[in-house]
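To keep things clear, I will list the structure first and then write my remarks on it.
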Amino acid sequence: MPEHTYKLIEIVGSSTESVDRAIHNAIEKAAKTLEHLDWYEVVEIRGHIKDGRIAHHQVTLKVGFRLE
Amino acid sequence: MPEHTYKLIEIVGSSTESVDRAIHNAIEKAAKTLEHLDWYEVVEIRGHIKDGRIAHHQVTLKVGFRLE
Amino acid sequence: MPEHTYKLIEIVGSSTESVDRAIHNAIEKAAKTLEHLDWYEVVEIRGHIKDGRIAHHQVTLKVGFRLE
Amino acid sequence: MPEHTYKLIEIVGSSTESVDRAIHNAIEKAAKTLEHLDWYEVVEIRGHIKDGRIAHHQVTLKVGFRLE
Amino acid sequence: MPEHTYKLIEIVGSSTESVDRAIHNAIEKAAKTLEHLDWYEVVEIRGHIKDGRIAHHQVTLKVGFRLE
Amino acid sequence: MPEHTYKLIEIVGSSTESVDRAIHNAIEKAAKTLEHLDWYEVVEIRGHIKDGRIAHHQVTLKVGFRLE
Amino acid sequence: MPEHTYKLIEIVGSSTESVDRAIHNAIEKAAKTLEHLDWYEVVEIRGHIKDGRIAHHQVTLKVGFRLE
Amino acid sequence: MPEHTYKLIEIVGSSTESVDRAIHNAIEKAAKTLEHLDWYEVVEIRGHIKDGRIAHHQVTLKVGFRLE
Amino acid sequence: MPEHTYKLIEIVGSSTESVDRAIHNAIEKAAKTLEHLDWYEVVEIRGHIKDGRIAHHQVTLKVGFRLE
Amino acid sequence: MPEHTYKLIEIVGSSTESVDRAIHNAIEKAAKTLEHLDWYEVVEIRGHIKDGRIAHHQVTLKVGFRLE
Amino acid sequence: MPEHTYKLIEIVGSSTESVDRAIHNAIEKAAKTLEHLDWYEVVEIRGHIKDGRIAHHQVTLKVGFRLE
Amino acid sequence: MPEHTYKLIEIVGSSTESVDRAIHNAIEKAAKTLEHLDWYEVVEIRGHIKDGRIAHHQVTLKVGFRLE
């Protein structure tokens, strides 16, 4: 187990609801095409505002997964 | 639409409840005096602690709005 | 009151549930051994993923407390 | 002259044409409402892409001006 | 539209001519294999020098595109 | 008191004398037009040199004040 | 040769032995699936500790390769 | 002497008077409980403002000391 | 296992021999007084030079350990 | 060729015309006194404003050259 | 005057007395061998501690001067 | 001894062999033309890859030396 190699990709998840939900949405999406997802790191939290209210949050993540 | 100019201001929202709530409070306050708010970016998340518990969260945001 | 000295420590709180909960868990733990906790600052938000889902969030905080 | 005070604002200029043009557009806009503009610093260069081509560049600047 | 997911890739475009041209070349190349390109961010501007003159500019970009 | 909102502005104070004096000058100037100033953070310390001596120091500050 | 385009990926190599070995392992792995690898940059050096000793080093690299 | 180990702690010193005084106060306080203090590095300079005047400066330092 | 809390300390290891050796020395020293060491991260690599040769390397690490 | 040593210097080029021109001017100037210039990296883009218009751009570069 | 070129060097000034004095000492020293010094920027403030007291402050500056 | 002035230069050392060797090569080269070298700091670790293997490592260092 000690000499694994991992790859990191950068993705942006969105949610109309909360920052936590945007993180979950990004990982769910990544899990559809990638196996062995291992960890995430938040790179940036931002969002769009419409008519004076948050329209949706956008969270940029790095997601690491093990290469086989 | 392509050659708009935007201004960014930096504000700090507080909430006794959650980080998400502090973001919302900051934007609600900004929306009272500024029009055409377009996006926000989180700059810093911090908070005050009292008697070993979080008294309130403070989230610093940049908020961008379109100039007319 | 003006010439207090503070110390900052760096701790990582975990939660299976949310980012906010991980912040709370870290501060609760710190409060068990330290008095006069005064503020926290988020340094990093990350987490572990297992079977394509977030297993737990990990939030690194700096926590400041007053020295007597 | 030695003890002037300056204020810095952050603005985003756009241009369909070039990065240089986006910088100029931002400063022209700022000059319409502010006097004594003194310097600018580029904070970020980004842009929107549409149908595989740059739709417009967006350059974030800090602009400093002398307070009277 | 609110809950899209985006992926960010990092590419380096070159140009013997100008910084703007290097940005365009990078995006043109990316557009050949990726759909739904949405925005770019400049990460680094550098270049090679030969015989005391700029041989070519190299601009590193992050390019974001929508996942379907 | 817990749910205040603050705004941050960025100003540059100058002094022919010292870095501390430049900080004081910036805050004194800000206090002439803004109420409820609450804290400052140093962003940059620089200065101009003339004939091999410091002509004046320039300190860039962020200054936070409470919105009502 | 002047107007090449490059892509950067981010990978993490591990080694029970040394930091240099972890860099080599990451590049060897990348070379199995990618051609025209051109350069690497170290992003982060970290590692796991077990029973008071380093169990393995983990080095995060950006690796650039030429697109054809 | 070549293979010493050092520890770094982070402390915040305050002073109603000057930035230099806040640095001195932090180190004096640290010296009361720690031996072999060896160097300091300034991490952040900030302060509180009251009634439009600086109430006190707060300087965050890393302080390194030799472990025996 | 999911809701552990960790503490991070910052230490500087030295070695007359190599960067890897300085990392090992720092962790060995930390392991003498702390249990449950879990990971390290390199913060800075530097060293002293004497008579035109490296006298010793100094590597600053953050070391994380589980709190019980 | 593999074990060359390079030196990096930091220079600021100016141009009344464009950011690209300021980069060229800096390198032309450096090439007058230094041989074997090999690459440049942009560190900062800023400029002076006079009467509401850009008076000149100033681009800070690191320039690397091979030592013999 | 608009198309000057500047060079930046990095120097460290020391003082047993104060941070301001260390800045002055660095610039005085630079002025002995360089003409047309134009500005300075503080890069780092640190110092040595001996017997629980500051032995001397060390301030790292970038100093810019006009090339002829 | 307390009020010395130091200068920092930035150099890049190469090695076909290891990161440690590249650091040594850079300092050896600097020691040929400069006296009183005092310390080094690693700024960047990168390298060239050829045919899927590391051709040489390149380590950028700041090297400080005492001015007389």
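Should a chain be cited, it is by its letter among A, B, C, D, E, F, G, H, I, J, K and L, assigned in written order, with residues numbered from 1 in that chain.
In this text, contacts are C-beta pairs under 8 Å (C-beta built on N, C-alpha and C of every residue); 3 or more make two chains touch, one makes a residue touch a chain.
This one's a predicted model, so the numbers in the text were calculated from it and none came from an experiment.
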Third chains touching both chain J and chain G: E, L
Reference interface A-B: repeating pair among B-F, J-K or A-C with over half of contacts shared: A-C
Intercentroid distance (Cα basis), chain E paired with chain D, Å: 22
Centre-to-centre distance between chain H and chain E (centres being mean Cα positions), rounded to whole Å: 44
Approximate Å spacing (C-alpha centroids) for the pair chain E, chain G: 22
Chain B and chain J, separation of their C-alpha mean positions in angstrom: 38
Chain J, residues touching no fewer than two other chains: 9, 19-20
Pairs of chains found to touch, sorted by chain label: A-B, A-C, A-E, A-G, B-C, B-D, B-F, C-H, C-I, D-E, D-F, D-J, E-G, E-J, F-H, F-K, G-I, G-L, H-I, H-K, I-L, J-K, J-L, K-L
Sites on chain G touched by chain A in the complex: 9-16, 25-26, 29, 55-56, 60
Contacting residues of chain D [partner chain F, same complex]: 2-9, 62, 64, 67
Touch list for chain F against partner chain H, complex: 19-20, 23-24, 27-28, 31, 37-42, 63
List of chain C residues in touch with chain A within their complex: 18-20, 44-49, 52-54
